[in-house]
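Look at the two complexes coming up: subunit A is in both, with subunit B in one and subunit C in the other.
So, the complex of A and B:
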C-alpha cells in the first residue's frame, strides 16, 4: 500500500513534469549547447580519437549550466507548489506528504538523468559523425581501446548523475524551506556558490559532491590523453559524497514539510 | 465513544498560529447524511477548521474523528472516503481538465472512468481538453467540485463551494449538493459567507466567531414562523401602526422603510384580533403574515453585530 501510494504520487509528478516547458528546457539546453562545443574543442577526422571532445563537452554543458538549471528548476518547482496551493490540492488526496515530496524528488532525479544522458548521447553522436572513434594510441601502441573508453565514459556519467541527484536533493530542501519560487532559486544558487567558494580554501573539496562533476570528466579527459586515471575511485567518491546529501536533504525536507501548516 | 450516527466528531479543537489563537477549543459533530453549514465572519476559524479536517493544518490540541477513526492516526483511510474542495482551488496550469481529473483519480486509486463520471456530473465535458490554467474562476470551482466527488465519497468537505460563481452556477452547485446528500446519503460539511445558501441547503448550521463555536442549531428551527410577530400590509401604514400601539395585545408596532407595519404581539394579542381591529377602523388590510426569522437575524444576534 505504501509503495502503491508513492507510485501514484510519482506518476502524477512525472506527468506534471512532462508537461512543464521549464523541464523540457532543462533537459534540452545542455544537448543544444553541444553545438557550440566544437568552437572550444574542434572535432575533425584526422585519424586521432576524439573522446576528449566528450570530456570537454560534458564539462562545458552538463557540469555547470545544466547542473545549475536543474537545481533552479527543482527548487522553483517545489516552492511553486507550496506557494500557489497546488500542493494543498494534491495533499487532500490519500497520499502522505512524504510520498508527494519524494515523488517530486524522484521526478527531479529522472530529469537529471535524462538531461545528462541526452547530453552524453549528443556528444557521442557528434564525435561519431564528425570525428574519429578510434581508441587512444601513442607511438603506434593502443593505450586504451574504444571499448575501454566507452566503459570509462559510462563511469564518468554515473559519477555525474550522482552529483546531479545530490544537487536536486539540496534544491528540494531549499524549495521546502523558502516556500516561494524566487527565494528558493536564490537560496539554492547561494548554497552552491558558497560551497564552490569555500571547498578548496577549506580543503574539503574531497567531501563535497559537486567536486565529482569536475573530477569525473577530468579523469575521462586524462584517459583520452593516454594518462592513467582512477575513474573507478572517482565514481566511489561521487557516490560516497552524494549519498548522504541524497538521503539527508530530502529527509530534512520531509520532516520540515510534515510540521508545516498548508494554509492558503 | 463516537456514535454510529456521527460522521465527524470534533472535540476541544485548538489551533495556534504563533501568538494568534485561531481555534479556542471548538466542539461540534456532523451526523451521517446531514449537511452542516459552518458560518462565520472572516478570520473566525472556518478555513482552519476545514484545513484540520482534511489534514492540511496540524491542530495544536484536541481530537477529531471521522467515520469513527482518529484523524491523527488514520488520515489516509479517512481521505480515501472523503472529497474536499478547497477555497480558491489551485491546479497545475498546463494539464487539461481531463488529464487532471485522471491524475487525481489515480491519487485516490481510481480508474479513468471515475474521472469521466465526475466530470460529467459536474457538467465539464465541454472543457475536458482545455488546460486548467485557462479556466474561468467559476469553471475552476466546478473542476474542484468534480475532483471532490471523485469515487463517490461518503463525506464532502467544501470550503466556500460557490465562491466566484454567478447566481445560476451557484444555484446549480447547491442543487447538486442537495441531490448528493438526499439521494446518495453523502454527509456534507461546508463553509460559506452566504446566509441564503446556508438557509437553502443546510440541515444544521454552526456559527463560529473568533475561534469559538457560538451556536449550533437546526436550520428549520431557526427559520420557524414566529406567530408573535406579524407583518401587516395596509393602505395607511403610519396610522395603522399608531392604532396597533393602542391595542391591548400589542407590545410594539413600527413602520419599516418598505411600508410594511411590523407588529410584535404581547400577552393576549392575536393575529385575528389585530386584523379585526384594523378592518373595523376602516383600513384596507391587504395581508397579515407571521414574520419569519432569517438566518441573518440569528447570525447577527449570535455574533453580536
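So, the complex of A and C:
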C-alpha cells in the first residue's frame, strides 16, 4: 500500500517534470555544452586515444554548470509547489506528505542521472565520431586498454551520480525551508558556496560530497594520460560522503514538511 | 599492580630506546650542505670524515678545522687545519696522516698526542706529473685533482693525480711519494662542457670528478680498472664513450692494459652517466625533466625520469604528476643500500581533484601533497609498478595564492627528502617539513614509511633542512642551514638503532 502510494506520487511528479521546460533545459544544457569542449580539448583522429576528452568534457559541463542547474531547479521546483499551492492540491489525493516529498526527490534523482548520462553519451559519441577510441600507450607499451578505460569511465560516472543525488537532497531541503522559489535558489547556492569556501580551510574537503564531482573525472583523466589513479577508492569515498546527505537531508525535509502550513 | 606498573615503565623505556631521537644540537660554523640537483642524487657539502686519532671514530674535516669526535655523538675538540691557503686540498691516508696538498707540494701531518695541534709526519714532498700527450686545445690552467689511493696493492696509499692530460700515479715511498709520476691513462681531448652535475661512482672506489673545470670526461679509479666516460656532441645527440683500462700489478709496479672502447647510441643532450649497479662495467644514463600535459590545463605537468640501461637504446620511463613551479627532486638514489640505484620520484603540489577544486584550494587551502613513488632496482632492472607509494600532507602558512614561505621551500625542493638513514637499518628514511617551523622524520622500510614520526624538530622559518651524516656515526643528522648571512649551520645529532 505504502509502495503503491509512493509509486503513484512518483508517477505524478515525473509527469510534471517531463512537462517542465526548465527540467528539459537542465537535462540538455550539459549535453549541448559538449559542442564547446573541443575548443579547450581538441578531438581529432591522430592515432592516440581521446578518452581524456570525456574527462575534460564531463568536468567542464556536468561537474559545475550541470550540478548548479540541478541544484537551482530542484530547490525552485520544490519551493514553488509550496508557494503557489500546488503541493496542497496534490495532497488532496490519498498520498502522505512524505510520499509526495520523496517522490519529488526521486524525480530529481532521475533528472540528475539523465542529465549526466546524456552528457556522457554525447561526449562518448563525439569521441567515437571525431577521435580515436584506442587505449593508452606510452613509450610503445599499452598502459591501459580501451576496455579498462570504459570500466573506469563508468566508475567515474557512478561517483558523479552520487554527488548529484546528494546535491538534490540539499536542494529539496532548501526548498522546503524557504517555501519561495527565489530565496530557495539563493539559499541553495549560498549553502553550496559556503561549503566550498570553508571545506579547504577547515580541512574537511575529503568528507564533502562535492569534492567527488571533479575528483572522479580527474582520476579518469589521469588514467587516460597513462597515470595510475585510485578510481575505486574515489568511488567508495563518493558513496560514503554522499550517502549521509542523501539520507539525512530528505529526512529533515520530510520532518519540516510535516509541520508546514501548506496554505499559499 | 606494582608488577604491571614496572612492566609498563619498562615497555615505555624500551619504546623510547628504540626511537632515534634528534638529541644534541650543535652549531657548526662554516658548514654548508645541500642536495645535488639532477639525476645523480646525493647530499653535498664541504665536509668529510676521517679517523685522525685512530680511536675508531670518524672525525669531521671542515674547510678550516678538524673536529675530533668524543665518546658520544658530539665533538670534544676543534683544531685548525695546517696549511690554510685557499687552494689547499686535504686527504687522509689509511694511517690517519693528514696530507695538505698545495699544488705540487704535499706535507703530511699527524694529530699530536694531546690532540691540541699537529705534528709533522713527513718532510714536505714535491711531485710532478710527467708531461705527455698534446696540450689540450682548451685552456684549463692548472686544473688538477690529487687524492690518495692504494693502486699497487701494498696497503699504502699512493698519490693519484688527474690532469686534463691523463691519470698519473705516484707510488708511496716510505714517508713520501715518487716525485716523478707515471702516466697510467691518457685522457681524451677535453671538449665541450656537458651538463653532468657530478659523479655517482660505485661505492668502494675513489670518486673523482672535476666540477670546477667541467671536463668532458669523468674518471673513476677502481681496484681493477680505470674508467673514463666522456661524451661528444653530434647532430643526432650526445654520444657517450666508455674507455676501460684494466690495471695490472706486478710487484710494486702498476700498469694499465689496452683500453677497451664502448661507444653507445646517441642520447638526448641532458642525459648524464649514472652507475645503476655498483659492479657494472659501464654506466647507464638518466635524465629528468618536466613534461607538459596534453590536456592544456595550466599546472598539469609531469615529472619524468628516463633511465637507459648500459648499452640500451630505448629508455625506461617513470612519470608522476608534478605541477609547474615545484622543484624536481633528484630521482636516482640507492635508498635501500643494496648497491643499485633506485628511482625515487617525489613531487609536491595541490591534490589532483580537477580545475575548479584546484582553484578553490589555491584561494582558500592551506595544504600541499607530497607524493613519493619508489621503484627498487632489482637484478633484472626496475619493476613495472612502483615498489611503494606514499602521500603526505604538508601545511602551508597561508593559502597558496598569497605565496607563503612554504611554497618557496617547495619551489626550491626543500620540503622532503629520502636520503638519510636515521636509525641505521640501511634504508633511507623520510624527512618531511610538515610545517614552516617543524620537520618530522618517518622511518621507512621496503614496504613504505611509518605513519607516525619517530621525531620532530622545531626549525626557524628561513632555514633549509638537509639530512646528512655530519658526525660520521652512520646515522643521518638533521642539518639546519640558515639563510645567507643568518649565522652558522646547526646540526641535530641523532642517536638510534635499527629497531
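Just so we're on the same page, the second predicted complex is superposed on the first by the 263 of 264 C-alpha atoms of A that agree within 3 Å, B and C clash if a C-alpha of one lies under 4 Å from a C-alpha of the other, contacts with A are read in each partner's own complex, and residues count from 1 in each chain.
FYI, a contact is a pair of C-beta atoms (placed from the backbone, for glycine too) under 8 Å apart; a residue touches a chain by one contact, two chains touch by 3 or more.
In this text, all values refer to a predicted model and were calculated from it rather than measured experimentally.
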item: Subunit C versus subunit B on the shared subunit A, clash or fit after superposition; value: fit
item: First (subunit B), second (subunit C), both or neither touched by A:133; value: neither
item: Touching partner for A:148 - first (subunit B), second (subunit C), both, neither; value: neither
item: First, second, both or neither for A:20, with subunit B first and subunit C second; value: first
item: Partner chain(s) touched by A:88 [first = subunit B, second = subunit C, both, neither]; value: first
item: First, second, both or neither for A:215, with subunit B first and subunit C second; value: second
item: Partner chain in contact with A:263 - subunit B first, subunit C second, else both or neither; value: first
item: Lowest inter-chain C-alpha distance for subunit C and subunit B in the superposed arrangement, angstrom; value: 37
item: On subunit A, positions contacted by subunit B and by subunit C; value: none
item: List of subunit B residues in touch with subunit A within their complex; value: 17, 47-48, 51, 54-58, 76-77, 79-80, 84, 86-92, 94-95, 99, 103-104, 106-109, 144, 147
item: Subunit A - residues contacting subunit C, complex; value: 40-41, 52, 56, 59, 63-64, 138-140, 196-201, 203, 205, 211, 213-215, 217-219, 221-222, 225-228
item: Contacting residues of subunit A [partner subunit B, same complex]; value: 4-5, 8-9, 11-12, 15-16, 19-21, 84-86, 88-96, 259, 261-264
item: Subunit C - residues contacting subunit A, complex; value: 293-296, 302, 314-315, 317, 319-321, 352-357, 360-361, 364-367, 385
